[in-house]
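We call the chains A, B and C, going by the order they appear; numbering starts again at 1 in every chain.
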């Protein structure tokens, strides 16, 4: 791979990964030596700075990630706050409820229970600090989610074990296991 | 703000959005005229393409969003589990096609065109977020379905109007209007 | 060529698929359809029975190999074959001279069937395009990252008003199995007394054997509903098919006389079951409803 193709491949990965990603991991993916990847990343970061792009490539907590450039923080915050409500939507609340009672649980399974796609709602819950990632499903490799201590705090309980039992709210449905069966395992 | 500062500001905002963002919304955030923002966005997209960056800026489902360049899909897929959704079956694809071109449409009508019961397939499409409920038919009371913006995103088009035209797939039939009349609804 | 697994989309072109072997045509079923659609092959020239026999053999072979999508392909074939059959029936009708409204209606029906077939094909093709596009687009990954911590901190404090109990009730609602939404208005609540064609046949048999030839009017004189009249009419047709009765009519629109021709040993058990399955099913469901109502 040519130098600029290598840099482009790095850009492609960095543009879509959520968490900062380490040099070693990138090197393994591109099947390149770590020092070379390190050099390419530094060169990219310098290039974005020199060109005055609206984004920058920074190494945070041992990993690289794209961020918006601080110079535009005012505009970005204006956009972020625009249309933000302090209240969760019904869809977000129900998704949170499913995660609370089924954690750790993947998005495909939540979607199967709720009957709708929940990708963006889960993202909102993560942004709101109510839900966090909890590893991956060993079979499907899907990311699992669980509630946070902030969620417990807002609900006013000490632990997930203190969540009220929900069976009494399910008329004619004695065993939760039946629901499990009906929707099957994680769909990946 | 200079032209390149404006473009950089757009890049900064685009860096933090997690769904396609419309030109109008960007224009409001930057306090610029919409046509100007449109021009800047097009120029940015063209610049990324020309420079062979690892990412691209595309207008999908009525909004702009950064994507990794397809050329690097193999490398990116090693890091991103999301989007690796299971492929749709032939039955699901055909049902999706009928809904896309006949929306809003009820299940009975889809079943009439497909010749088979489509209840479970429609349910799958809803769970996958490709299709959603769109009210009820005033006459029959049947639930109607339409495609979602996520469907447009997945298909990489801006709106339903950009769906491929169906008429070339109806060979030997001069008066398409007749079928439309007989079966109702525009075919796009 | 490896056969695709169940998850894989199977765009119509390129799939090994079902081959048709006819005197005037050999090739994939899809192609046959295409030719008919383009009117290069007259549907009346296609021996549908041969196609069907071949198809059944093909599906058996698929199932023997454990191919899961045999069912998909079978249902698809049924749709197309049924439409072809309708189309063929419509084509075979005398259509040379269009004289009255009925002929026009027949021609229109034929065109509608044809249009329906084409429409079905069109959606299949579009589905193939969708499959390819979705796959191509799947190679692009959208940037969909969580908000940078600095900006997440700016979000207004969440308003939270749920008690644990309210939250639990919400969860219960989210877990409750959803009823499949109705695709049409239910008519189950409309009560109609169950009428069995077979029972009516039995009854007619008893009467005809006891009293000799009777007119249709006499046979239905005690029927208190249109449904009952229809059931007796259908029963007579069934009996006629089973050669249990003969019809005599002096002239057009004259009184229809029904005569018993089967022996004493005849029972309604011999009748076709096509009405009976439905009728008994209805009877059960109606009975169940009445229990609920009572």
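Note that contacts are C-beta pairs under 8 Å (C-beta built on N, C-alpha and C of every residue); 3 or more make two chains touch, one makes a residue touch a chain.
Just so we're clear, the structure is a prediction, and the values are computed from it rather than from any experiment.
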item	value
Category of the chain touch graph - line, ring, star, complete, other	complete
Centroid-based (C-alpha) most distant chain relative to chain B	C
Chain nearest the overall C-alpha centroid of the shown protein atoms	B
Centre-of-Cα separation between chain C and chain B, whole angstrom	32
Cα-centroid distance, chain A relative to chain C, in whole angstrom	45
Where chain A and chain B are represented by their mean Cα positions, the distance between them in whole Å	23
Shared interface positions of chain A, touching two or more other chains	15-17, 67-68, 76, 80, 115, 123
In chain C, residues with contacts to at least two other chains	141-148, 151
In the complex with chain B, residue positions of chain A that touch it	4-5, 7-17, 21, 29-30, 52-55, 66-69, 71-72, 75-76, 78-80, 82, 111-112, 115-117, 119-120, 123, 136, 141-143, 187-188
For the chain C and chain B complex, residues of the former touching the latter	6-11, 34, 37-39, 69, 72, 75-76, 78-80, 82-83, 111-112, 114-116, 118-131, 133-148, 151, 180-185
Contact footprint of chain C on chain B as seen in their complex	15-16, 18-19, 55-56, 58, 65-70, 73, 76-77, 80, 82-83, 86-91, 93-94, 96-98, 100-101, 106-108, 111, 113-116, 119, 123, 133, 140-143, 153-156, 164, 166, 169-173, 178-179, 182-183
Residue ranges of chain C in contact with chain A within the complex	141-148, 150-152, 154-160, 162-165, 167-178
